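Chain lettering (A, B, C and D) follows the sequence in which the chains are written, and residue indices restart at 1 in each chain.
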Amino acid sequence: MTTTTADRAYPGPPRSADHRLSMDELAAVVARDIPAGSFVNLGIGQPTKIADHLPAGSGVVLHTENGMLNMGPKAEGDAIDPDLTNAGKVPVTELPGAAYFHHADSFAMMRGGHLDVCVLGAYEVAFNGDLANWTTGRPDDIPAVGGAMDLAIGAKDVYVMMTLFTRSGEPKLVPRCAYPLTGLGCVSRVYTDHGVFDVGSEGIRIRETYGVDAGELAQRLGITPPHPA
Amino acid sequence: MTTTTADRAYPGPPRSADHRLSMDELAAVVARDIPAGSFVNLGIGQPTKIADHLPAGSGVVLHTENGMLNMGPKAEGDAIDPDLTNAGKVPVTELPGAAYFHHADSFAMMRGGHLDVCVLGAYEVAFNGDLANWTTGRPDDIPAVGGAMDLAIGAKDVYVMMTLFTRSGEPKLVPRCAYPLTGLGCVSRVYTDHGVFDVGSEGIRIRETYGVDAGELAQRLGITPPHPA
Amino acid sequence: MSRAEILDSADAAVAGIEDGATVLVGGFGLAGMPFDLIDALIRQGAKDLTIVSNNAGNGDVGLAALLAAGRVRKVLCSFPRQSDSWVFDDLYRAGKIELEVVPQGNLAERMRAAGAGIGAFYCPTAVGTPLAEGKEVREIDGRTYLLEYPIKGDYALIGAHVADTMGNLVYRRTARNFGPVMATAATTTIVQVDQVVEPGTIDPEAVVTPSIYVDRIVQVTARHYTVQGAR
Amino acid sequence: MSRAEILDSADAAVAGIEDGATVLVGGFGLAGMPFDLIDALIRQGAKDLTIVSNNAGNGDVGLAALLAAGRVRKVLCSFPRQSDSWVFDDLYRAGKIELEVVPQGNLAERMRAAGAGIGAFYCPTAVGTPLAEGKEVREIDGRTYLLEYPIKGDYALIGAHVADTMGNLVYRRTARNFGPVMATAATTTIVQVDQVVEPGTIDPEAVVTPSIYVDRIVQVTARHYTVQGAR
C-alpha cells in the first residue's frame, strides 16, 4: 500500500539543518534518536558509524548477529582477536556485561522481536516501508542476503540510513521498490543526507530536512508537500 | 499393525532363567543390555534402579530431561542439593563431564533422536510397539504426561520395564492397548519379570524367559509359540 | 531497554501484574521455583490468572499457595499429578480450575517458539495419542507430525542464581530448567536471584540468559524447602 | 556413544567422509572456521560435496581452498559474496558450482530444527521476497509466515576452543557462531579444538555443546589468519 502525507495528520513543520549532512553527521542524528537503554543492531557499512556517536552513559547495548550482546568499539592493535568480530567480520571488543551465544539463539533474539532498533543500509525504500537492500537483481550480481531479511523483520523499529539520491540523481525513497525486496513494510524511518522520513502503512512523512526546503524535497520525491508552502 | 512371531524368522530358543525375576534382577538384565557408551534416559520409578546395575567403566551417560547429562547416583546426606534433582524430583549428584542445559535444549536433544536408549515404565505395551503409560483414562484420574510422550518418540531405542501381568493376572503386553496411548509403535523391547520381548512393526518375539517355558508364555499372551514345544 | 530494573523487594518486582494475565512460572517441582515472587504475587492480589508451569504446585508453598489463594483460572502444565499436589488435585476435582496438559517438551518448545518468532512448528510428540485431538496433522519425509503453536506469556516469574545489573543471568544446576526459555517468551520477565553483581563479573561465555530478556530483578535470601514439599 | 573419539590427526578425524556427502562447515568468515579439518578433507579427496556454511570461502584458505580443489557441487549459504570470495565468485560465474542462498537466521534455525526433531516450522523471514518463491505461505495470528524445512548434515566440521575427553565443548567469543547448531544437526560431528582436557575440567554450567553431540575430536595448533583472508 502506497500512501502520502496527505493521508495522515501532520504534527508540524519538520526540524531542519542548513546544509546537506555528511554520512558522519547523519550517523550522529540517528544516534540522537536511539532511545537510551535500547538494544540495537547496526547493519554492515554506514550504520556501523552510529556507534561512535552514542553518548556515554546512553546504556545502548549493541547486538551483533554473529552471536554477541554488548559489543564494544572496533579493536585496534593488540586488542585484535580473530575470534571476536562483528557481522562485517571487523575485529571488535567486548564491554562489561557482554554475552556470547550461538547463531540460532542470536537470530531467535532478532526474529522474536527483542531488539528495539535495527539500522540498515538500503538500495531503495518504498513509502510503505518496503525495503530493498540485498541484491540488485542484475544477472552478474551474485545474490548474498546474510542476515538482512532476518533483521528487516526482527527489530521493533527498523531504520534505514542511506543517501536520498543515487549518483545519477534518482530518488532511493520511492513509491514502489524496483529492486528485489528484503522485507515487506518493515522500515519505519529513513535517515538520509537530505532529510529524515517516517514511512510505513500510513505513508511517507517528512520529519526533518537538511539544506533543502520541505516543499522542494516533497516535489523531488513526488509526494504531497507536508503543508502549504 | 499387530503381528505375531510367526511373521518373522526366529533365530533360536530364548535364553532363560529358572525363576521369575524380581524388579531388581530385571534392572540388572536391562543394564546388561545397554551398550557401553550409550546415552540413556531412565524413566521415573522402576527404571531408575537400572543405574545401580551399570558396570563400572560402562561409559553409559545418563540424561535427565530436566536439563542434565552425566547425572550421578542419588544424593545422600550433605550431598543433597535442592537445585540438583532427577526427573522424579529426587536429589541426585553430578559426575565429571556433566553438562547442564535448559528444558528446550533438553527436549531438543531427546526429540532429535540423540539418545541411544530410553527405559520407561508402562501400563500396557502392544505387540506392535504402541505404548500406554501416562494415564488410565479413568474419570477420577488427573491426566499428567510429563516427558513421557517426548521420551516415547525421542530415543533411538525405547525399552519398557514392567511386570508382565497385572495383579489380577491380565497381560500388560497385548495385541492392542486399551489405555490411552503415549506413542505409536515406539517401543522396541519389553523387559518383564517373566521374560524379555522384542516388539514392533514385525510383531512380538520372545527373547528370554524367566521361570516359565516359552510355549506356556506364548499361550498366556495369546501369541504364536516361538518354536515347536 | 537494556539495564534491567533492580528492585528492593519482591512486592515491587511483581507490581502491575493484571487480573487475567498469563504468567509463566519457572521451576521443575521446587528446583528453580521463584517462591518469593509467587508469595509477592499472592499479596499483590492479581486474579483470574493463567499459569504456565511444568507442575501445578507442590506441597503448600509457591505455586500451590497461589492456587490455594484462588487466583488461578487455568493451568497449562505437563505434570499436575504428584504425590504432593493435593492443592491442585482438590481444586481440579471440585471443578474450580481448568487444566491443559501439554507434553513437557512441547511446553518448552512452544515457549521457545514464542520467544524466537516462530509462528508454529511441526512436532512428532503425541502423534496418535489423545493429546493429538484437534491438532493439524502432517506427514513430512515419511514421519507424522502435529502442528504446535507458541505459548506466550504476559509475565514470566523465574528464579536464577546470579544476575548482573544489566540483567545477564546464570542458574544453578537443574534449577535452570524452564527459566531461560520462559525469559524469552514473556513480555515482562521478572527474576529473583540469590545475588546481584556488577557487569563484567559473570563470564560472557557462561551467560545463560542474556540481558535483553530480563526486565526486573530482585535479590532474595535463598530459602530451602525440603525437596518433597513442606517448608 | 558417549566417549568421543580423540584422534591424533585431522586426517584421521575426517576419514570416511563419502563422495556426495552433505557437510556442515562452521565459522563466520574466518572466526570458528575449522581450517585443519578442511585441509584434511582436501587431502582425503571426497568430492561432489554439498557444503552448508554461512559464507562460501574467504581468501584462498579453508572453505575457499576446498572450493578451489573442485570438490564442491553445491553451496548453501547466506552470504557468498564478499570482498575476498574470489574463488567462489569465479566458480559461480563459470557455472561450476550451485548456490542456494538462505537467510542467515533461517540457515541456523533450519539446522536447529534438524537437530531438535522438528519436522518444519513457520518463519516470518523472507516473506514477500524472491527467496519466498516456491515456499508454502500461511497466515497465523495476523502475521504471514513461510514454511521452512530442516537442513541435516551427514557430517559437521566445526572449530571449538576446549573439549573434554567426553566431548563437551566450549568456544571462544564470536567463534562460537554456527558450531553448536551444526553439532546437533549432523549424523557425525567432527571438531577441531585448541585443547583437550579431562572430564570435570570444564564447568558443567558453562558447557555450550554437550558431549552427546560430538563424535570425533582432534587437537590442533591454533593458526592465526589475518581477518580479511590471506595467510
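Methods note: a contact is a pair of C-beta atoms (placed from the backbone, for glycine too) under 8 Å apart; a residue touches a chain by one contact, two chains touch by 3 or more.
What you see is a predicted model; the values in this text were computed from it and never measured.
Asker: Pick the pair with more C-beta contacts: B-D or A-D?
Answerer: A-D
Asker: Let me have the rounded angstrom distance from the C-alpha centre of chain A over to the C-alpha centre of chain C, please.
Answerer: 36
Asker: Just how far, in Å, is the C-alpha centre of chain C from the one of chain B?
Answerer: 30
Asker: What are the residue numbers in chain B that touch two or more other chains?
Answerer: Counting only residues that touch two or more other chains, chain B contributes 68, 94, 100-101, 107-108, 110-111, 153-154.
Asker: Using the touch rule from the top of the page, what residues of chain C touch 2 or more other chains?
Answerer: Counting only residues that touch two or more other chains, chain C contributes 109, 112, 116-118, 123-124, 171-173, 205, 208.
Asker: Answer with line, ring, star, complete or other to describe the graph linking chains that touch.
Answerer: Drawn as a graph, the chains match no named shape, so other.
Asker: Which two-chain combinations qualify as touching?
Answerer: So, checking each combination of chains, I get A-C, A-D, B-C, B-D, C-D as the touching pairs.
Asker: Which bits of chain D are touching chain B when the two form their complex?
Answerer: Its residues touching chain B are 1-3, 112, 114-118, 164-166, 168, 184, 198-200, 204-205, 207, 210-213.
Asker: Quick one: which bits of chain C touch chain D in the complex? Just the residue numbers, please.
Answerer: Interface residues on chain C, with respect to chain D: 109, 113, 116-124, 138, 140-141, 143, 145, 149, 170-173, 203, 205-206, 208.
Asker: Any idea which chain B residues touch chain C in the complex?
Answerer: Chain B residues touching chain C: 64-68, 80-85, 89-91, 94, 100-104, 106-108, 110-111, 130, 135, 137, 140-150, 153-154, 180-184.
Asker: For the complex, give me every residue of chain D touching chain A.
Answerer: 28-32, 54, 58, 78-82, 88-89, 92-93, 99, 101-109, 111-112, 123-131, 171-181, 208, 224-228
Asker: Which residues of chain B touch chain D in their complex?
Answerer: Chain B residues touching chain D: 35, 37-39, 59-61, 63, 68-70, 94-101, 107-116, 153-154.
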